[in-house]
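Chains here go by letter, A, B, C and D, matching the order in which they are written, and residues are numbered from 1 within each.
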Amino acid sequence: MSDALENAKPFHAHPFDDDKLREECGVFGVIGVTDAANFVALGLHALQHRGQEAGGIVTHNHGTGFHSARRFGYVRDNFTSAKLMETLPGDLGIGHVRYSTAGSKGRTEIRDVQPFFGEFSMGGAAIAHNGNITNAEALRRELIDRGSIFQSGSDSECIIHLMARSLQRDIPERMKDALRRVEGAFSVVAMTRTKLIGVRDPLGVRPLVLGRIGDGWVLSSETCALDIIGAEFVREIEPGEMVVISPEKGVTSHRPFESRQSRFCIFEHVYFSRPDSILGGRSVYETRRQIGVELARENPVDADLVCPVPDSGTPAAIGFSQESGIPYAMGIIRNQYMGRTFIEPSEQIRNMGVRLKLNVNRALIAGKRVILVDDSVVRGTTSRKIKEMILDAGAKEVHFRIASPPTAWPCFYGVDTPKREKLLAATMSEEEMREHLAVDSLKFISLDGLYRAVGQGEGRDSNCPKYCDACFSGEYPVEPFDMIERGFKLKTAAE
Amino acid sequence: MSDALENAKPFHAHPFDDDKLREECGVFGVIGVTDAANFVALGLHALQHRGQEAGGIVTHNHGTGFHSARRFGYVRDNFTSAKLMETLPGDLGIGHVRYSTAGSKGRTEIRDVQPFFGEFSMGGAAIAHNGNITNAEALRRELIDRGSIFQSGSDSECIIHLMARSLQRDIPERMKDALRRVEGAFSVVAMTRTKLIGVRDPLGVRPLVLGRIGDGWVLSSETCALDIIGAEFVREIEPGEMVVISPEKGVTSHRPFESRQSRFCIFEHVYFSRPDSILGGRSVYETRRQIGVELARENPVDADLVCPVPDSGTPAAIGFSQESGIPYAMGIIRNQYMGRTFIEPSEQIRNMGVRLKLNVNRALIAGKRVILVDDSVVRGTTSRKIKEMILDAGAKEVHFRIASPPTAWPCFYGVDTPKREKLLAATMSEEEMREHLAVDSLKFISLDGLYRAVGQGEGRDSNCPKYCDACFSGEYPVEPFDMIERGFKLKTAAE
Amino acid sequence: MSDALENAKPFHAHPFDDDKLREECGVFGVIGVTDAANFVALGLHALQHRGQEAGGIVTHNHGTGFHSARRFGYVRDNFTSAKLMETLPGDLGIGHVRYSTAGSKGRTEIRDVQPFFGEFSMGGAAIAHNGNITNAEALRRELIDRGSIFQSGSDSECIIHLMARSLQRDIPERMKDALRRVEGAFSVVAMTRTKLIGVRDPLGVRPLVLGRIGDGWVLSSETCALDIIGAEFVREIEPGEMVVISPEKGVTSHRPFESRQSRFCIFEHVYFSRPDSILGGRSVYETRRQIGVELARENPVDADLVCPVPDSGTPAAIGFSQESGIPYAMGIIRNQYMGRTFIEPSEQIRNMGVRLKLNVNRALIAGKRVILVDDSVVRGTTSRKIKEMILDAGAKEVHFRIASPPTAWPCFYGVDTPKREKLLAATMSEEEMREHLAVDSLKFISLDGLYRAVGQGEGRDSNCPKYCDACFSGEYPVEPFDMIERGFKLKTAAE
Amino acid sequence: MSDALENAKPFHAHPFDDDKLREECGVFGVIGVTDAANFVALGLHALQHRGQEAGGIVTHNHGTGFHSARRFGYVRDNFTSAKLMETLPGDLGIGHVRYSTAGSKGRTEIRDVQPFFGEFSMGGAAIAHNGNITNAEALRRELIDRGSIFQSGSDSECIIHLMARSLQRDIPERMKDALRRVEGAFSVVAMTRTKLIGVRDPLGVRPLVLGRIGDGWVLSSETCALDIIGAEFVREIEPGEMVVISPEKGVTSHRPFESRQSRFCIFEHVYFSRPDSILGGRSVYETRRQIGVELARENPVDADLVCPVPDSGTPAAIGFSQESGIPYAMGIIRNQYMGRTFIEPSEQIRNMGVRLKLNVNRALIAGKRVILVDDSVVRGTTSRKIKEMILDAGAKEVHFRIASPPTAWPCFYGVDTPKREKLLAATMSEEEMREHLAVDSLKFISLDGLYRAVGQGEGRDSNCPKYCDACFSGEYPVEPFDMIERGFKLKTAAE
């Protein structure tokens, strides 16, 4: 049932909304601090890049119970109002920012916004998750047959209903029961009246870290959200680990799943995570700079300037410049006040959508051979427009260098990707893409080069890869059950 | 869990919000018309007096399925927008206006606003109800124990969960199953993808009528909502009856409950229903005028003017004037643009709250003996202020005549009443009330007089009363189970 | 220059917006009280019937100077917010509610909303006026030629510019200078940093009264706004009088204009003023009831019921019933939650616009001969629809009795009237109107009868009429200069 | 008079609002294109960095006349609505973005938002200006004495009133008359019903450029706004030049002022203009990079990393790195979703304001000697906080290099600067500032170095400086008349 216009939705200020893979969620939780909601709001603000569509916070307060607020739009536009924040008392809280979940076909509604809440006979629990449940549709059908009433179109709601039906009497145990029925990628942050809980799926596809603030504890998708509140980074939650945290007993670690080789999402290094976060003990910025170094080694070219496609191509461009000795320059300037809904004047403006966000530094580019470094090519539509703007400004040559391998397969683990047939690399070879973009050269980093840049000196071990790289390789570490039912074809031996 | 500020709430323009009993809901449904939502919006507008806090509409459209919109505020402020109404396509729809349900202790949230919706394995159903389920809390505990997740604080949601767990495969049969577990007063309007359903509880406490429009059918709390869309009044749904309506098979009647003597709410005649509605075959306006006639016969007094307390006292004042021969006059004028939130200036204004809504016609009242006719006395706070304003204007005498017996007991069947100890008549005799209000005389119509006015020539048959008059008599036709658990004391033999 | 969408405008809840003459403004001012703005807000709320489109308040505070707020919509929806009211400090303030001024052709903009403010070399002044300046366009052209920059489309702004150019050094003297150049009808409330000023035009067309509250003073369009703040009614400002009020010197009276016979607007008695106000020493309600008495004497008819067209026909209907002995009844019920923008369902509803606001009490009307008492007939469109609804409900006969003479001429003195050709009485005789409305009889009170009802026992003295009755007689006491320039034709000797 | 809360104001997303000099306005105009308003909206979006508080557009359309809309907030949030843009028809339009004008002491109101409009006897004109009129207060007093009524607190309104009183009959001639009375810095864009007009003050302090689009013409503060609509850059309007543009006659050039040595604002090169704009024939980005080069030459230091303070320090940091050979690195990451109003949690977070916008790349910075390149030091508050964050992250040394000389004097030519005593450099020597900031070294580029970077190979000619550098030198090319009257002290011979 679609609930009409319950809340107006904001436009998306993301620069090239339809031509990037996009992380779908960020999660954050804190226990043992005064006014937990204010910490959660700050944490979600720092994780805003993981989901711009909506955000939600749940807190628990002794005396008044659970409190919640869910809103479309940016954290800074909603969770900064004293009037709203006063309605979220308590020293324990969790929050969520989201782009859109696989479950809601098309439009999101406010009731699809996490955290979700369930009242059980032994008390309530709230839950927020980053990732995607690959058997959510099958679970949903089963639960409805048994008499569950779903309130949202979100895959995450299954977890709450599975918990409600568990025979266990304790909430953490019920959560274990529920998560054992769930397949896919998930980093969960949950809370009861007295405990903060964090879980990562057995493969550890999505990140989740533990931090310390005073006498309290923090869970967050990334370390940058620890920094904003001045929390200390303790460690990453391990793949397949559940932590249960209370102020009295501290952190207790559980292992509810069978042990497996972990497969962290390699695209978190390439694009999703913030450059000031730390993943696997390394600065994300430094990893990206190193990707640029590898890229320059693999695909050198003679040119006058190395220019990033702002902002995500910047660290790799710096690395490329440093490795190649070609000067780094800001050939493309981003408009800080992005917009995407201006009305096109009657006299048509070429590449108007891109011009709203980017402008070429004409006086700098004219007559030059330019290397453009971008993080990825998805549909290729934006790359084409940028190339045209660069040529209009009088560049002599345009060479694209891409900080990831060709993206040829969709992600089913919590990333918004176009259908396979819309991915440029799914239907074209590198040379066909170069022709399609009509540039002087186009080169992607190799999958081995990318593994080297993230610290696997020997490149990718194809027998036992250390990362989930399904979007490049087509090798899905968890079978995408619902999608196969809907007709998705896995890679064949021939491909 | 309270969901903070999800929607701003309007102020209530009802004149004396805290000093009136208040009907809590109105329901409306239509099937077999093009653009059902527009008819539902008009119907709810006509029923707005039954609930001003919020309204909701659900429709079903072949092809796109169920659609819904729920809003705080008046129907005219929400369901008049073309943008919103376009999101509610279909030829079948139901709607609800509400004041507040017993379940939500205190604040209402948008998710408490009906109609409620449930997806079952054989398809979805939406349901709206007027009344109150007296065993809702007990049912809720039972359902949560079995694994149901509640999304609202409303008593009505129990019905959906009971339906989800019914072993029947057909929605009307599941609804029968569910309603047989429910106690209290309820007039239900529900819909599946193809059928409109109406039910009244076995006592028929709350009204529900059937209408015909073209080839379609209408269900409504009152006939005034048939008039606004030009529908023809067919008949009342009978106490204990369920009607299932489809365009093909028309209206089929079911009797899911054991037969009992009906007990329609007598206060619908006194105050809740609109004067242009027809109840039990009689104009509500005419019944109220007749109450004024009975009142004049029972409690005559010599005076210069009969003035209604606007607007609800008007019909009885007309009857009182006609029976007594004392001229009818508008001694109190109501401000059409009511408000209740003005900031009180530093120099305090006496009775400021009342002055925002009423003003005394000073030039008319000065030096006169005035009879004021009001529909009821609840807390007595407003009556006191009106009396003061009348005296300030120079009236020589003030005589109150009340068009209902003393309200001494709370209602648990879908009416918002103060706690018993706040009811003036629960703690004072008639003479004590007169002294408390400091008026020259104060008289209530007798319970027998009221029964005569509604057409029971012989008065009330105390062995088998035809109406629910618990608010006057303390005799509750359905045991208020949840309230007794919370500590409410029934009338003792001594009282 | 039109300023696009500066503020959204509310819909008008007035029952029959296009078929009533409409007062265009109400003014209010207070001096010598703490928190003057709160008093002004209350006063404007009581005067809301004189203008529903927008309202404005200006205050002056020692230290922080002048403050102002202007808003579209009802007083109760804007000037009740603590946040807004805190921005209006001071013990001296004036306010204005408006419908629309003659000057703004079509759409009103926020800058057209009074009070207007001007900074002069000896300090600032704010001014609000009720009425219409009949030579505003000519004055405006003259002022622009001399270098004035107008900020609004309102006729009232001329007064400020005339004041700015006056050679006098004192603000009250400048105002006299300015008002002597102005023609038409105006009741002005103005303020300097230390004084409250009130003026009525030489004919005294529009009302203005003086009140006392504690040590302070009040000016208001009507006495009902004195009642709401508990102020005492002192006297009416006289035609051609200017009062200058300061807390120290009290009220000083000036006579800036040549003396003339006054011509108060007789329609204020019929419809514009609130029934609980006092005009010329008489209750407006009582005058209207007396109009009903005169109407019954002039045009008796045999019938079963006398029903008012709510709400403005009510007092005259009461008088008609009392004089004729035919019972008074509420045959038409008004919806308290008026709306006018519902979307018409595809199956067309007859008279849908009227049904949103009124419903016939069918069970009461069926088979009866009904006298409908209304205050006036303007275009006749609503009268027709009401008649149809009454006949649909089964009435046997319908007799219209109108509490004013035929409205055959537009008003140019601050009342919103249709163009002359749209006035039913401008093109039809009484019998033609009866046929047009298709009723059994239609009778208007005579002009003499109306004069008798307002206390002129001998009727209208056509040599020296005591009231402005131009809308009935076509005799304009001030020549409508701008309108004649635009082509309006005055009554000829032949008419 | 302050008009309370007429429009809600947005928060400012500018990173360090109180610690930057800030350009106050951008102007844009276009003639001879269909749907001029859409072009103006795009142009203002590109100029948003010159004023984020509010924006306004005026258009003229044959038939319907002038149209206008003024709004608080970003261009992208207001002038993207089809509903609004449809209210701005015509092929000629001008627009304005603003931060705040000198005139409005404190709060801006919607009526202070330009363009301003005046109706003269020969037709209307609208005007927008970038800069500041240094004798506005004196002019305002004179105009009020003569009978002008001001509608805003803005200095720009003087121009309209002077024009209204000019004895010339033609609008461009009236504008010349008016501008000859005005002192200060101004780049004006204006329009009549048929002409677009541009003017720069005799010193040419603020920029203004001319562009060509199809058969139409464009005026803009910067070339980046030509790029966004695909217009061709023609030339800069010259200091002291007025251009009058019509589609028929093209561009005609006038010289209404006496000729003087031009003094363009050198801070436009340092910070105000966008890096992709072209000023004086050079890329602004390239000039800033060259400032970094000069800075590295003047003040070398041994270190591990050169990090910009984002985003304005970036080009100079690149230049510094290239000249010094020290690697460039993103040591500080800016949050793309800036906010400034989060509620501080009870456990105080150090430097919370800065953390909302910036985060240190801890893993990169730890143990390093870091050079931070920033564009300027105003109050020094932000520099201190950034230094603390860098040290918290474990940096070994912190060296500040500033891309402008010490800012010791306020600007009175259209830039928002703190009072002189709040400027760090007004009260401290370079070494005192270093101690105050507690950094290892702090060096500013010299004034001569800055002149060299902008292309004056020989440095600053102190007898005849080519730029306005009053903020550094205290030498004001136009006497700040109003400010001196208010007590501002010019530089003495001793200083």
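We adopt the following convention: a contact is a pair of C-beta atoms (placed from the backbone, for glycine too) under 8 Å apart; a residue touches a chain by one contact, two chains touch by 3 or more.
None of these values were measured; they are calculated from a predicted model.
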Completion exercise
Under the touch definition above, the chains in contact with both subunit C and subunit D are none
Fill in the blank from the handout: In terms of mean CA position, the chain most removed from subunit B is D
Practice task
Could you please state the distance in Å, as a whole number, between where the Cα atoms of subunit B are centred and where those of subunit D are centred?
Solution key: 62
Problem - Chain centre separation (subunit B, subunit C; CA means) in Å - result: 37
Problem - CA centroid of subunit A to CA centroid of subunit B, Å - result: 50
Handout entry: Where subunit A touches two or more other chains at once, by residue number
Key = none
Practice task
Work through the pairs of chains, note which ones touch, and then classify the graph as line, ring, star, complete or other.
Solution key: ring
Handout entry: Interchain contacts (touch definition) - all pairs
Key = A-B, A-D, B-C, C-D
Problem - Of all residues in subunit B, those that touch subunit A in their complex - result: 1-6, 58, 64-70, 83-84, 87-88, 110-111, 117-121, 124, 126, 141, 144-151, 160-161, 164-165
Fill in the blank from the handout: The answer for subunit B against subunit C in the complex is residues 33-35, 38-39, 41-42, 45-46, 48-49, 52, 74-77, 79-80, 82, 85, 213-214, 224, 227-230, 274-276, 278, 282-283, 285-286, 289, 311, 314-315, 318, 322, 327-330, 333, 335-339, 341-347, 349-350, 355-356, 359-364
